[in-house]
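Just below sit the structures, each encoded as structure tokens.
What follows is chain A paired twice: with chain B in the first complex and chain C in the second.
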Partner chain A sequence: MGKYLAMIRMRFLMMLAYRTDYYTGILIYSINIGAYYFLWNAIYGDKSSIEGLSSMQMTTYVAVAWMARAFYFNNIDREIANEIKDGKVAIEMIRPYNYLGMKTMQGLGEGIFRFFFFSIPGMLLVAFIFPIELPHEPATWGIFGISLLFSFIINTQINLLTGITTFFLYNNAGLIRAKRVIIDLFSGLLLPISFYPIWAQEVMKYLPFQGISYVPSMIFTNGYSSGDIGMALLQQLIWVIILIIPIQLLWIVAKKQLIIQGG
Partner chain B sequence: MFYVSMFFQYVSQYMKTRLQYRADFFMEILSDLLNQVVNLVFILVVFGHTQFLSGWSREEIIFIYGFFLIPFALFSSFFNIWDFNDRYIVKGEMDRILTRPIHSLFQVILERIELESLFGVVTGLIIIFYSGASLNLELAWYDPILFVIFAVGGALAYAAIFVAIASIGFWSDAKTSIMPMMYNIGNYGRYPVDIYNKVIRFVLTWVLPFAFVGVYPASYFLRKEEWYAYAFATPVIGLVFFTVSVFIWNQGVKRYRGAGN
Partner chain C sequence: MSDAIQVKQLRKEFKSVSSRSGLKGAFRDLLTRNYKIVPAVNDINFTVKKGEMVAYIGENGAGKSTTIKMLTGILEPTAGEITVNGMNPHKEREKFTQTIGVVFGQRSQLWWDIAVQESFRLLKKVYKVSDEQYNDHMEHVIKTLDIGPLLDKPVRKLSLGQRMRCELAAALIHNPPLLFLDEPTIGLDVLVKMKIREFLKEINKKYNTTILLTTHDLGDIEALCERVIMLDEGQIIYDGELQSLKDNWAEEKQVHFQFIEPVELHELQSLPLPFTANWVYDEKHQTYMAMMKEESDHISQLVSAVVSHFKIKDVKIHETSIEEIVRNIYEEGTV
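The block that comes next holds the complex of A and B.
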């Protein structure tokens, strides 16, 4: 356990050393939130609510979805791909830890850093500029926290899966990019899932993506009724468990057919 | 003439190297395409809930997006200079550029072309023809000519902003993380400017003229007469801003002292 905690700490400190990059990150996210804010305002026009969300809730949704992304987002798929390509993975695999576990912990270290230095100040900044309604009840914050943790795990699991495919595809830069676009769309970052046509919602029910952005953002904006919150969290938990299976399977196969070129 | 032949030399070299790794080449086009599909899906879903966006219909918004893709594709194929500071100034590569017999900006552009982005022109045209047909837009004989002029004007306006920002690297060594920020601001130009407040509208028109890449020129073809003045200003804005940015670049090059050994 100690070595994994050390991994989190190492990555956190590494990020801290390059923190100036994150100030511009906050600005970029705020610019995006601004674009969607104006867009949604125009879409709402004089409608008071769409699909149960008021325009104020929508602004909050957009803001929290982007700032939460700063927490759960990481590039470990690309890191794994690079380590496989330049052969470093061979060294990593003889080290006394679980490679995938270690990558997850690095992702977590990065996430914790961004949570404190990106998401929180970003949220404060955005709350100053745009009309946003923060949850009043402490319980909502607590549930949001749990949901956010699940969303980190699901996103990381999908990243691990994408990363492992490098063992089979050798060059998966395109796949990584495609995965990112798909997650932005299907996770509810760009559009709340409830805005999609019914048939699309039905399909997305069977995909893990809405656990990444839609669920925590809806909790934060009070968009769920109390019964739905439990269901949504349960759904996230189920996906966390289900996704372990393909990761482990692929990992076993990948280890067997690993070819190191040089290194 | 020399510049033209240099251009084609570089293009043919580029095609050779890219087609060596075909799978990667097509993946790149495919992921661009996916990005465009996502943006379209966004527009379609949004219009499932509203008829008009500040008075613009769904097909009109799609048309603007389609138009935006064309100057944007031209820009991203030929002005791939977002990492100019890291790649050329910090590493001292600019020294090599300055020994070349063509203008330094042109040389940098040639080295960094990324022609697969040109595929965006095809997607843009398909979108425009599809939405134009459902809007029953009429074409005058001179419209194709204006179309090319507006598209090039928009691309120049886009390029001007990025050339000017790349030139900052000559003055300050600070990491220019402004570049990615500009890409995000550029997205504002994809939607009608009347949805933004006055300040943003002013900035998008006169400071960072991203509105001239999408909504202004497109409004001419959509026959929105209240925007005609802006639409016809597109090539002028493009030329003026681009000239200024090249001037800033030249001033920067004079100040350049080289880095490394």
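The block that comes next holds the complex of A and C.
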């Protein structure tokens, strides 16, 4: 366990070494939240609610969805791809640890860093500028926390899957980009799932993506009834378990396939 | 268990794509591709005893690095058996890597943007090294490699020589009984090379560390290794002592003469000698060179014959260097 904690610490140090990334990140997220705030304001106009969400809830949804993204989002798929492309994966394989486990820990290190130094101050800032509604009950905060952890795991698992495909494709920059757009779109980050047409909602029920953004954001905005919350969390948990299977299978094949590029 | 490494009938094949030529060929490649199976390592056998320092040499693309990658558990062999430190490297990778140290001369295992000591600290945790062991062992390593002042600098600020010394220290944090070095002195200046060689000799003596190194620098081999394994096109063409490689291949000795007065080549060729010596005139240095087999007292006979007939200014006896031996072997492809 010590080595995994050490890796989280290492990622903290790396995040601190890249200060510019940190500052530009804050700027980009603020612009996004601001833009969506004005967009939704225009859409709502003088309507009090759309698809069961009030305009206040919508603003909160946008703000929390982006702040949650700061926690669950990571680039470990691209990191895996780069390590394979330049042969650095060889170095990872001579160390007594599980490569995917370590990558997950690096993602977690990044997530924790941004949660404390980005999401929380960001949320305070946003709450100050825009009218948003924070949950009153401590229980909601707790459930939101659990849900957010699940969304991190699901997103990381999908990233691992995308990353491992580099072992077979050698260059999967296109796939990585496509995955990113799909997640932003189908996870409910850009548009709450309840705004999609019924048939699309039906399809998305059977996909893991809404567990990434829609579920925690809905919990935070009190958009769920108490029965729905349990179902949503269960759904997240099921996806966490299901996604382990293809990752392990692909990993076994990938290790056999491995070619160290560049000598 | 006195063998650190045992390799039996080891084989690694790679699938390589061969593109068809022309535009038409490129379109056909979209649908189906031609694959060729290329063996990079071709049924090799060898064992390395504990405490040995072995040089694993060969031309570029001979299969050295592929072998190292199989021995360290990175690649899975296509066929054959490997036992290193009593384990199968690929199958028991996580347990196995605890017992080896690896340096890839062309890749860094330190974190680029972070101070060296942070990398050390992480590796210490990864290899589960206790504070006591670490202080006891690494203090010495850091002192010998003279990297103490570099520890708080980020890796990207180090020169290549400084970085390589840190890499070596990083590979030794858990004091492994077996060390793989893949071109550890590539691109380094003579002083750093010497320092690294001295250091390797020292840890070999102190901890009986087994070292397998690949290199193109024959100075490394001469300084460190008694045994050489030579690889060509995926096959072992020589496995034995460095000395006997020299003895077998350095049969020719060259004796260079410089004369005070001009001498004709045919005069030299007609010298009375009980054996044959090939005379060659070296225009660049204005010297004559006799090439001959090194047997019994041939050299003294040659020198006395020359001296008694001509006045000489200078004599040089030149032994075939290991570079020349290796070049000859590479050119002929067999030993």
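Everything that follows uses one rule, which is that the second predicted complex is superposed on the first by the 260 of 263 C-alpha atoms of A that agree within 3 Å, B and C clash if a C-alpha of one lies under 4 Å from a C-alpha of the other, contacts with A are read in each partner's own complex, and residues count from 1 in each chain.
The definition used in the following text is that a residue touches a chain if its C-beta (ideal position, glycine included) is under 8 Å from a C-beta of that chain, and two chains touch if they have at least 3 such contacts.
These numbers were taken from a predicted model, which means no experiment stands behind them.
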item: Partner chain in contact with A:I91 - chain B first, chain C second, else both or neither; value: second
item: Chain B versus chain C as contact partner of A:A6, first or second or both or neither; value: second
item: Partner chain in contact with A:M231 - chain B first, chain C second, else both or neither; value: neither
item: Touching partner for A:N32 - first (chain B), second (chain C), both, neither; value: first
item: Which superposed partner A:R177 touches (first chain B, second chain C, both, neither); value: first
item: Chain B versus chain C as contact partner of A:L185, first or second or both or neither; value: first
item: Chain C-contacting residues of chain A that also contact chain B; value: none
item: List of chain A residues in touch with chain C within their complex; value: 2-3, 5-7, 9-10, 13-14, 17-18, 87-88, 90-91, 93-98, 255-256, 258-260, 262-263
item: Interface residues, chain A side, partner chain B - complex; value: 20-21, 24, 27-28, 31-32, 34-35, 38-39, 41-45, 47, 50-51, 171, 173-175, 177-178, 181-182, 184-185, 190-191, 195-197
item: Of chain B, residues touching chain A in the complex; value: 23-24, 27-28, 30-31, 34-35, 38, 41-42, 45-46, 48-50, 52-54, 175, 177-178, 180-181, 184-185, 187-188, 191, 195-197, 200
item: Sites on chain C touched by chain A in the complex; value: 14, 65, 69, 72-76, 90, 93-98, 100, 102, 104, 106-109, 111, 113-114, 118, 121-123, 125-128, 154
